[in-house]
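Please find the structures below.
Each of the next two complexes has chain A plus one other chain: chain B in the first, chain C in the second.
Let's look at the complex of A and B:
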């Protein structure tokens, strides 16, 4: 192993976004500690820091850092933008929400930012250890964020559940990584790629064990069936903006890391049966997620199962493993951030006793009571179900197109049929909003400036990408070719 | 002039956006804007007729713009003889809907107007798209407003009807999407060019195995058969029609069902000529069953609206029969019959809605002797009925005659069996007239029903004008469609012969689609 050149010139510029977020998070905690009266502006400060990070992100130089373990390129920039978008949307929704719930605090935004730093590390890591470090950083932030409603029983339950199961999953990932190291003498993905290109992977059964362990651990983080059991409970207990963020950002980071691992292994894949397992996970997720979502009346649980199905769709791109698979995943995650955090954000506006489930009845007549919230939710639902002219259609179309072009027609057919099923439950939300009459007990709050802004970003993003997907496709297509450069 | 079709799509959408920002309490202003915009769109669409190039078969008024260049997807619009009258039907029916429902929509009038404007934009888009992807987007776009229209302003069982309508249609169209991607990929495989332009894709399927061709054929045919709807996929239609508000029924029957028959003509026939020839018998059999079954079920309906709905199943069966009989006369008749059905069934739904608004029942048994209390209404109803039955001199006769005489040449048995549908239509519609309008007034409530209002008559007049026009001088309409139909048929024929030739000689096929492409570019002026 080559340990000599640990620090390259210009590393501080390259790490600027991460550093900015780390320092910004600390700043928010300090402001909260020394000037508790200024709590109401914390979310505004957080948004400013995040937007500033977006601005910095655009300017950072590309290249490899820290001995070839940390890659900065167009694709990592694109994924960083996705994480920042998710964080901005979650922060905008959280500002009003936390104040309403009386649990406002600087550490909330700080944790969100540090979690984003972890995600950036996962997306940039060319070494499995960096990926695991990032993953742990995110997980620790998530444990706290999920249980942020600390007086609520379901929040504590959710946090504990995620902690215990997440710890197990990390164990699996570490064990799998250790076995990979044992077989290939490296945790560096570039070195692993060389090993896979020159050695026969099928000859070593230890690799299969390593792959299974790795997939189980990462499958947990992705909420892929059958590792999805935690998702509905955790989403239900977590504050709604956190649930939205949690359902998108960590999945995006895990997917890019997984894509890197798969590309590293790609010479070996035709000779081993691993892809069959991934296919099974994808198909199972699409079926389980969509089938179980039908019977959910709790909005957050329904979105959790829909999320399981969506990861199943994203995994189709992983199965095809073409040149533009990463582009398809990048586009899908951006779109998913817009529509899923938007949907969770609207749910967060249905304020009431958070221990109670937030059921479909709570959004009855929402479109007529609060047209903008209802409209935002409608757009998110149509996009989630993949109907044109929304961004959800474009991203799903990309995935199915890839699948058919690479000869996976059967998987595409499964995706299409499960999509038909999914239309039913997304449409049911629309039906409650348009066609059910609200009662006295139906909850709801007027959205503040921030939440309205977040919904506007969602709507404009979904429709904008739905009508003019060309530029995003071009950017993602160019960026995807750089995944190993 | 160049952007005629785009303006038909985008002006209603812009109007809908403007309306969305207006306060909902300005009810009359909102209704007025809706009516004005849709009427203006009709006037604009007349430009299609006045600027029409006679005797030209390809796409006219073409518009081309790169949309998603990476995938070869274009924003391409154009109309030919097949789609011209369907676009006009759409622009005609939308102001009719606004006029007819001027006084009847009290719940959320703003959303109602917006939904119908988006519906109009989507429908024109479906008929005018020359890019498969764009077509698909518009095809699905029309589902959303119709779902809301049925679900919000519909009758008692509206939710069930709306969801059933949506799920049936989306199931078919998503499978078609799979077929679309497969076809485009196949085209890419053969030519290394990625394109969704419809004319580029003609002939692509010819090199596929007949098994794959059959699968693709059915993926497309299923989507359109659900939309038409063809027996036995028609079950969503009576539910949707009965529950939909009057305006929704008019648009649903008038233009939405036509997307199915139009899809057969535009895509299924030219894309899969071989499979079409092979499976035309199946579709003809289903349409004949639909014609007779729809008529028989309509006969026994106690509910007027359900009766008209089932008569739609029967009438649309004629259209599909005409298409798959595959000759000039029958296809022209079929296109004409699509327009006819939109006019006459639209008028019938409107008229049923008129009396329903006044009496809140649609049961035939609740009426009787209405001709005494509402003479003008009775006259209107009889005209619409006669048009639907196919009285010579009115539009229905021309369409049905062309379809039957055309299909008699190729499928005499089917034509003879379908002719019974004409007789049955006369039976159930005359039966309806007799029970509703004649005889003594048995129900006292029918004595003081107010006469048909001016806005409702105003909505009916344009429909009647076209009903008579098509009946008396169908050549205005037929002459503009026949070059396109001719080209379609020769293409279907050509493809099949080409295939036979290729099988004999064993040569690789030349890249087809050139004829269509020339036609498109020739259309630019």
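Let's look at the complex of A and C:
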């Protein structure tokens, strides 16, 4: 093996966003350590670093790096933007939240940035090794972020649950990868694609075992039913801005990595039953997520179950697997970042003893007490339930349109029916905000500049994409064709 | 030379023991040890295949897997210490504040 061609000229330009985030995270920790009085500006510095990364991200040239294992193209840039958007929104909400809870610190933002680096690696990796390294980088950051509120028993319990489940799932992903390596003699997705094109996958039962193990492991990370057990507990225990970030960004990265893996396997897929399993996971997630969300009174648990249902919708696009479906996933994750982190952000403003659940009663009359927060939550709920003219409607419509066009009418119908059911529990939140009267004990705080800014970004994004979907759809459509090169 | 499938069977058995350990044990550290056993079974699989194919690829993967497992252990043990501070036990059944 010759190592010299593995490091191409210009790799440092290609890795600029990742390097910037790594160094930025270290810088924040150092500032916190040497100038503890400047804690209040840490979130502002974090936002500046993230925005600078967005700016750098737009300038880097595309291409393949590190011996064809690291792809930078328009689609990875689009996904990087999604990750950065999620990180910016989470940082904006977290700034106020952490100060209110008295747990402000540089390491919080650093972990968020390093997690984003892991997500970028997952989105760009053309080798299962890179994907798994990225996945682990982000998982380890999440273990700490979920338990960041150290004094709270509930946060500790959530991080324990996510740690045990996550490590267990990693074992499955690794074993699946090892068996794929045994069958195809490579972990490089390009080499695997060649193997699948020239060999009969159906003749090797080991590959089905490998696929099931890999899907089970990634299903844990995506919170797909029946691997969703951890999601409600972890979201409830985690700091609300972290829960919002965690419900969006890792899912987006896992989905694009999964799209690459599926594409490498695509010659074999008509001959094996694998896609039926994926369809079953998708349908089960939509039904379980929406059905259980109806009976939840805790807002964060309700959003967790709604997240399970939303991954079900995104998996519909995965089943069709063509350029359009990758574009659909890219659009869906951007919109989902805006609406779900927005919703979790409003929940994070219901400041009270975090050990207690934040139930529907806590947002009673929110619109009349704090109109802007109530308005933001209303828009997010409309978008999550997929009502026009919000962005949630456009992204869902695109997924269902793709599914029907490629002949998956039954599963599209399941998606449409379950999303009609979901309107009930989303609008119940809106009902509580407008129609119920608040009591003396109802919690709530005025939002600071950062949280207000984040809510404004969410509202503008949701309504903007809902009314003028053209530009985003055009960008995503052009970019999506590059994923399979 | 020992045939490759001997190693594969051994690693499948180790992996299954690890899975059983995770599902049946109550002590947090024991569960984590079972997970480590699963990861080591994976390493054995990679090594067996790498030997069979005469490739460096699988060997290098093992180094990364070991690094991942070490990093996970560092964070995981910290979480267990924090749990012990709160509950005076690391029995995972005691972590039962949240349920639907």
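One rule holds in what follows: the second predicted complex is superposed on the first by the 481 of 485 C-alpha atoms of A that agree within 3 Å, B and C clash if a C-alpha of one lies under 4 Å from a C-alpha of the other, contacts with A are read in each partner's own complex, and residues count from 1 in each chain.
Here, contacts are C-beta pairs under 8 Å (C-beta built on N, C-alpha and C of every residue); 3 or more make two chains touch, one makes a residue touch a chain.
The model shown is predicted, which means the values in this text are computed figures rather than measured ones.
Chemist: So, does A:30 touch the first partner chain B, the second partner chain C, both, or neither?
Modeler: It touches nothing on chain B or chain C.
Chemist: Going by the contact rule set out at the top, does A:182 touch chain B (first), chain C (second), both, or neither?
Modeler: After superposition on chain A, A:182 lies in contact with chain C alone.
Chemist: Check whether A:233 is in contact with chain B, with chain C, with both or with neither, and answer first, second, both or neither.
Modeler: So A:233 only meets chain C here.
Chemist: Taking the superposition on A as described, I'd like to know which of chain B and chain C A:150 touches: first, second, both or neither.
Modeler: second
Chemist: Using the touch criterion from the header, give the chain among chain B and chain C with more contacted residues in chain A.
Modeler: Here the partner covering more residues of chain A is C.
Chemist: Once the structures are superposed on A, label A:280 by its partner contacts, choosing first (chain B), second (chain C), both or neither.
Modeler: Neither partner.
Chemist: In the superposed arrangement, does A:41 touch chain B (first), chain C (second), both or neither?
Modeler: Touch status of A:41: no partner.
Chemist: Check whether A:469 is in contact with chain B, with chain C, with both or with neither, and answer first, second, both or neither.
Modeler: first
Chemist: In the superposed view, which residues of chain A touch chain B and also chain C?
Modeler: Residues common to the chain A contacts of chain C and of chain B do not exist here, since the sets are disjoint.
Chemist: Considering the complex alone, what residue numbers of chain A touch chain B?
Modeler: Listed in rising order, the residues of chain A that touch chain B are 368, 382, 387-389, 393, 397, 400-401, 404-405, 409, 412-413, 416-417, 419-420, 423-424, 427-428, 430-431, 434-435, 469-470, 473-474, 477.
Chemist: Name, in rising order, each residue of chain A that touches chain C in their complex.
Modeler: Contacts found on chain A: 1, 129, 132-133, 136, 139-140, 143-144, 147, 150, 153-154, 156-161, 163-164, 167-168, 170-171, 174-175, 177-179, 181-182, 185-187, 232-233, 236-237, 292, 296, 301, 355.
Chemist: What does chain C use to touch chain A in their complex?
Modeler: 8, 15, 18-19, 22, 28, 31-32, 35, 38-39, 41-42, 45-46, 49, 53, 55-58, 60-61, 64-65, 68, 71-72, 75-76, 79-80, 82-83, 86-87, 92, 95, 97-100
Chemist: Any idea which chain B residues touch chain A in the complex?
Modeler: Touch residues, chain B against chain A: 66-71, 108, 136-137, 140-141, 143-144, 147-148, 151-152, 158-159, 162-163, 166-167, 170-171, 174-175, 177-178, 181-182, 185, 188.
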